[in-house]
Each structure stands twice: as structure tokens, then as C-alpha cells.
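The structures come next, written out as C-alpha cells.
Next, two complexes with chain A in common: one pairs it with chain B, the other with chain C.
Our next item is the complex of A and B:
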């Protein structure tokens, strides 16, 4: 039966490749420079994500927040595993984490702060900071790291950034706020939201299924 | 030309993910296949935004046509949603494993306790 499944997948992929071959050459873009400048950005992607399609982004952030709430709530009835002694990692990983993590953090904040001027933005920056947290968790053990981030402050940060983002989005949609300050602020809030969400997932998975 | 190459790569990722999703019996392998397929979908949309000799769609970035920013904006949010939904579905896999002690889909459908 396995070959039948692979055959179905290959036929579907072949159909997709065949029908999408005619997509090229692509038509020329409509003039996007004026619309980008109108939203106070230089990066057209930031102008779309936080300007022209702001509804989309706001509800996407809500979906992300709901998924994180789901992770917390669904794991609550499960028993917490007894803390196992952390796996001894090689000193190479620990030194690499010491050297790399400050650079990763600074790079994430830079990407979020300059996301409307250059390639970047809040979502990739949040993913980068979350990956940096994963690196520290691998090098030093996740329990030691979890004690440095107390849970109440983390949830305040997470829900506070969500509320501030909704207020900013509502102001932009209802009162017509726009400009570089709005994009920078929204990108920083998205950075906080996504990185705390990633840390929530990491911490809950490790707490309920043992040490990373 | 680069657009077509990226498109073929995206379709092969989709085939790989879809084949894993259909042929494996373990739930975690199915989720991994779904994630690979969603990566293929992301690459497909970004490839559609490609233009010959395109530069990133940023004001003042050199002459030449810009890549289409709309699929990029779509994918930017979709990647984060992939991550969130994968995390949520893995939580339910943990739940199933805790209660039914199996990750095998036919056994789960029969409600069998291993």
C-alpha cells in the first residue's frame, strides 16, 4: 500500500508542476513605491504586513496567541515529570552558546527595529530569538534557564504585548495612525510576542516530557 | 529560469511531505510530513513572486524590477502559524500517547489500548 500512497503524491505533484509551469514569465508589478512610502516604510513587505493587510496580521497574531494558550491549557492536566539530571553537554556547545547568544539577541532586536527599512521584521526576529533561547536551553539545561524567567512576568509580557498590539492595530485601523514609529513599535511587540510564545512551547514540552 | 528551478524544488518538497503523510502510520511522522509539505507550499508562493533579475522590494535597492512583495508578506505570517499549529498538534499527540499508549493511526482509530 505504501507504493500507492507515494504514487498518489507523485501524480498530484506532477499535476501541480504541469499546471503551474505556465505561471512564468510573471507580469510586471503595479507601482508599489508610492504605496510603500504612504505607510511610512521602505520595505514593501513591512508596508503590506503592518499597513495594507493589517487585519490579516492582527488575526494571525491572535491565532498564534490562541495556539500558545492551547499548549498551556492542554498540558496542564498531564503530570509534570520528575526533573532528571541534565545531560552533560560538551564544553564546545557551552562556549559556543556563551559567545553566540548575545549576538543572536542583538541581531534579533536589530531585525525587529529596522524591519520597515531593510529586510527583517518582527516575525523572523521572534523566531531568531526563540532559536537563541533553544541554544541556551540545550547548553545549560532548561530548568536552570526557566528559573531565570519567572512565569508570571513572562505571561504578563506575552499578554501585555498582545494587548498593546491590538491597541496599536485598532488605532491604525480606526483613527488612521501610520508612520515609521508605528511600524517599529509593532515589530518590537511582535518580536516580544513570538519569542515569549516560542519559549512557552519549549518550557512546557520540556517540563512534561523530561529534560531537553 | 531560477523561478522554475525553485518551483520544481517546491513541488518535490510537497511530494515528499505528502508521501510521508500518506504512507507512514505513526502520528509524529505524519506531522513531520505535513510540516515538510507546508515548507514546500511556502517555497512555491515565494517562487511565484520571482521576476528575472529581481531585487528585494525595498525602496532604493538598485535598478531592476522588484520581486512581488505580496506572497512574501503572506508567507511571513504563515511560517509562524505553521510553528504554532505544529506545537499545538504535538501537544495532542502527547495527550494521545499518555492515554492510549500508542502513536499508530490504525490502532488509534480502533481505540485499542496497547
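Our next item is the complex of A and C:
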């Protein structure tokens, strides 16, 4: 155990030294106003995340997708727990969910759609839509909600958005596609990817490790 | 300036969250901490990061924790009201077992919740994991294979005879095991007592503690008793699969209460 801790410390120290000696490539960026206008955005962060540093985003989405695949594969051999009766919640929560969930959904989509103009973007928007789904899950129970979102359709959405995102990224990198439409579309796809991913993880843990 | 204030607030909220004994307050603290942190990012001119922090830290994480707390944060006790052990006094619950359960819930960082159910429902609730513990003068029947805590209060079963007719007992408990053929089973104490009052049963099999309560409340007159020979005692029962968590914590708590003399003090207060 001790030697493993030493090994990890050495590797981390080596990585730190390597990066601080400037051995990683550091591509230069043009001035940010210029870069923002060039990629067709008004929010500099969107231009960088989906334009100048598109590789970062694509690999981040891939890491996220791999995490989802990992959850699916790791939980599959576990037996499905039998359903436990849902915890009775107060009617207040159910009403609140009915009122709030449409607003949360609209706000999430708005954040994704306006991510290239103002702060926002696909990742926080996906997290917000995922939170809305969680609110419904709290009010109605996870199993009841899972029956409304069949797993195959969710998988298709998730992998379909990933494939479309890769196509968009490829077009941007190889064919020089750029502009507001590309950023909006990419943010929307990230929204779908992140929210379905968050829901899938929750649903799998609930199904295999016991209803919560 | 505002950054500094918000940072201090975030630090304070994190400390608050860590210091809570009740997990729900801890979750609330974590959520508020994330919100303050989002404010720090915003004041540092990073609105995108602030938005992501608010959406993930305040929204998603808080909800996941709340969802987890919903079942894991409760200690559900299935019980039948039994006078000096666990009973309702107006709005609140009191009794010897209540004092122990309160300390156990605090030790496990859970919110205590009592489900008042008929005695025969208890094993099913524990096996379905709908309740974690059984209490309220729990005398295990011979057919029930539930993990039990140590003997809490010794008692014996008695046969009370008020008139001619079959004997009655509350269904599901140990008393029903001792019912002779032809005996009748009732859902709870109330049903049994009203049957006794009506004369549709001539007597009852009951434990001494309940009999004492009935007698003090003037529900039955002083009568001749015949004791069953078995020495019994009241226990707590836990749900199968919780032996190493809840039962171990309960035994540890009882050990400690015994060592400090608190258990004796409680016994004196409630069973005098």
C-alpha cells in the first residue's frame, strides 16, 4: 500500500514537473475579441469552448460518454433490486414539481440556445434540465418516471447526440464550418447529452442499488 | 470586497454543513455553500463558471443528496402503542423505548419516524424493508425469525379469565402462540378489550405490562390470573440485513447506557 502511494506521488510530481517545464504543447490564441467575432459568437467563453478549443470540448464530452458507458457496464452484472414501495411525499412537493418543471426545462433550453450570446452553454443547461428531471423523480418516484422514458430511446438520444456532435466538430475542424448556428446546435446537443446522461446514471443506480 | 465577503460566507456555510448532526441540515448547508461559491465566481467576472457551479453544485448535487436522504435518512420504527414503553401522549411520543430510540437515531444521524401499526403487520413491514425497527412491547412470536436486540424488560404471559367463553389475544404476537384451540385473535388491544367488555370472549392471553396498563385504566377489574411458565422479555427487532448496522449500533448504545447507569435511571422513571 505504501509503495503504491509513493508511486502515485512520483507520477503526479513527474506530471507537474513535465507541465511546468513547458513540454506540453501550448497553441497560441489570437486576441479574444478577434477570436470571438471569428467564431460567430458574442460570449468569449462559447467561442473558446466550441471554437478555438473545440478539441477540449469534444474530449470532455467523450470522457462524459465513457463515464456513462462505464456506469452501464459496471452495474449490468448486479441483480436488479425488487421495487420497494415509493416513499410518500407531501402533496406540496408534487404541486411544486408540476409548477416548476416546465419553467426549469424552458430555462435550460434557453441557456443552451443563447450560450453563444451570453453566459450559459450546454453543460450548465444539461445540469439544469437534469435537476428538473430529479425534481420529478423526487415527487413521483424514480421507477414511475423511468417507465415514461424507455431506456432504448434514451440510449439512442444519448449516442445520437454524441455522433452529431462529433460530426459537427469534424466539420468545424476539417471543413472550417463556423458561425452562430454551429455554436447553438452544438450547445443543444451537449444539453441533450448531459441531461440524458445524468438521468441514465441516476436511473441505473436506483434500479440496481435499490430504489431511493 | 464583495468577493472577500462571499468567500467568507462560503467558508462559513461549509463549516456549518460539516457541523450539523442532522443530515438534512448538512445538505441544506452544502447547497447554500455552492450558491455562495457561485456568487464568488460571479464577482470574479466568471459568469459561465458561476452558472455551472449553481446548476451542478446547488441544483444537481443537492437533489441527488436529498433523494439519497429520503430513505437512508430515516429510521422508521413499526410499533404498537404499549403504555410505559412506547406510547402517544397528546401530540408527542414518550416511553422507555422512545428514549432509547431517540438516542439511537441521533447516533445514526437519522430522523426518527414511528409507524403505528397492528402487531401482525410488523414482520411483513420489516421484511419488506418498509420499517427498520420494531418496538412497542415487541414479544417475538415463535414463527418470527427476526434479528432481535438483547432482552430489555422481563415479562411473562398470563391468562385472564373474566367469564365463560373462548380466550382472545392480539394476533401476531407471542400471546397468540399460547392461545388454546378455539381462541380468537384480534387486530389490536382496543378490539380485544371491546370484545372482553361485550362478553364475546371470556378471557385473554396477555403480557403483564399490558395487563397492568388495562388495569390502571380501569378497563378490567382485579381478577384471578394464571401464569404461563415461560420467562419472556421485550426486545427490539430489526429488519433482516440490518444486523451489522442498526442492531450493532443499538447494542452499543445499550451497552453504553448500562455502563453509565442511564438505563437503570430510565427504567426507574418509566417502570416504577
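Methods note: the second predicted complex is superposed on the first by the 181 of 212 C-alpha atoms of A that agree within 3 Å, B and C clash if a C-alpha of one lies under 4 Å from a C-alpha of the other, contacts with A are read in each partner's own complex, and residues count from 1 in each chain.
Here, contacts are C-beta pairs under 8 Å (C-beta built on N, C-alpha and C of every residue); 3 or more make two chains touch, one makes a residue touch a chain.
Since the structure is predicted, the reported quantities are computational estimates derived from the model, not experimental observations.
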Comparing chain B and chain C in the superposed model, the one touching more of chain A is B
Inquiry  = Going by the contact rule set out at the top, does A:33 touch chain B (first), chain C (second), both, or neither?
reply    = first
Considering only the touch criterion stated at the top, classify A:139 as touching first (chain B), second (chain C), both, or neither. neither
- Query: Of the partners chain B and chain C, which touch A:188 in the superposed model: first, second, both, neither?
  - Reply: neither
If we overlay the two complexes on their shared chain A, which of chain B and chain C does A:121 touch? Say first, second, both or neither. both
- Taking the superposition as given, does A:58 touch the first partner, chain B, the second, chain C, both, or neither? neither
Message: Just to be sure I read the superposition right, which of the two partners does A:2 touch: chain B = first, chain C = second, or both, or neither?
response: first
Next item on the list: For A:20, decide between first (touching chain B), second (touching chain C), both and neither.
Entry: first
- Query: Touching A:165 in the superposition: chain B (first), chain C (second), both, neither?
  - Reply: neither
Report for A:45: first if it touches chain B alone, second if chain C alone, otherwise both or neither. both
Chain A contact set shared between chain B and chain C covers 43, 45, 119, 121, 123-124, 127, 198
Note: in the complex, chain C contacts chain A through residues 47-48, 50-52, 54-56, 59-60, 63-64, 66-68, 70-72, 128-130
Chain A partner, complex, touching residues on chain B are 3-4, 7-8, 11-12, 14-15, 18-19, 22-23, 44, 48-52, 56-60, 65-66, 68-70, 72-73, 76-77, 79-81, 83-85, 87-88, 90-92, 94-95, 98
Contacts from chain A onto chain C in the complex sit at residues 43, 45, 84-85, 87, 111, 119-121, 123-125, 127-128, 130-131, 134-135, 137-138, 142, 198, 202, 210-212
As the complex stands, chain A meets chain B at residues 1-2, 5-6, 8-10, 12-13, 16-17, 20-21, 23-26, 28-29, 32-33, 36-37, 42-45, 47-49, 53, 56-57, 60, 63-64, 67-68, 70-71, 74-75, 78, 117-119, 121, 123-124, 126-127, 194, 197-198, 201, 204-205, 208-209
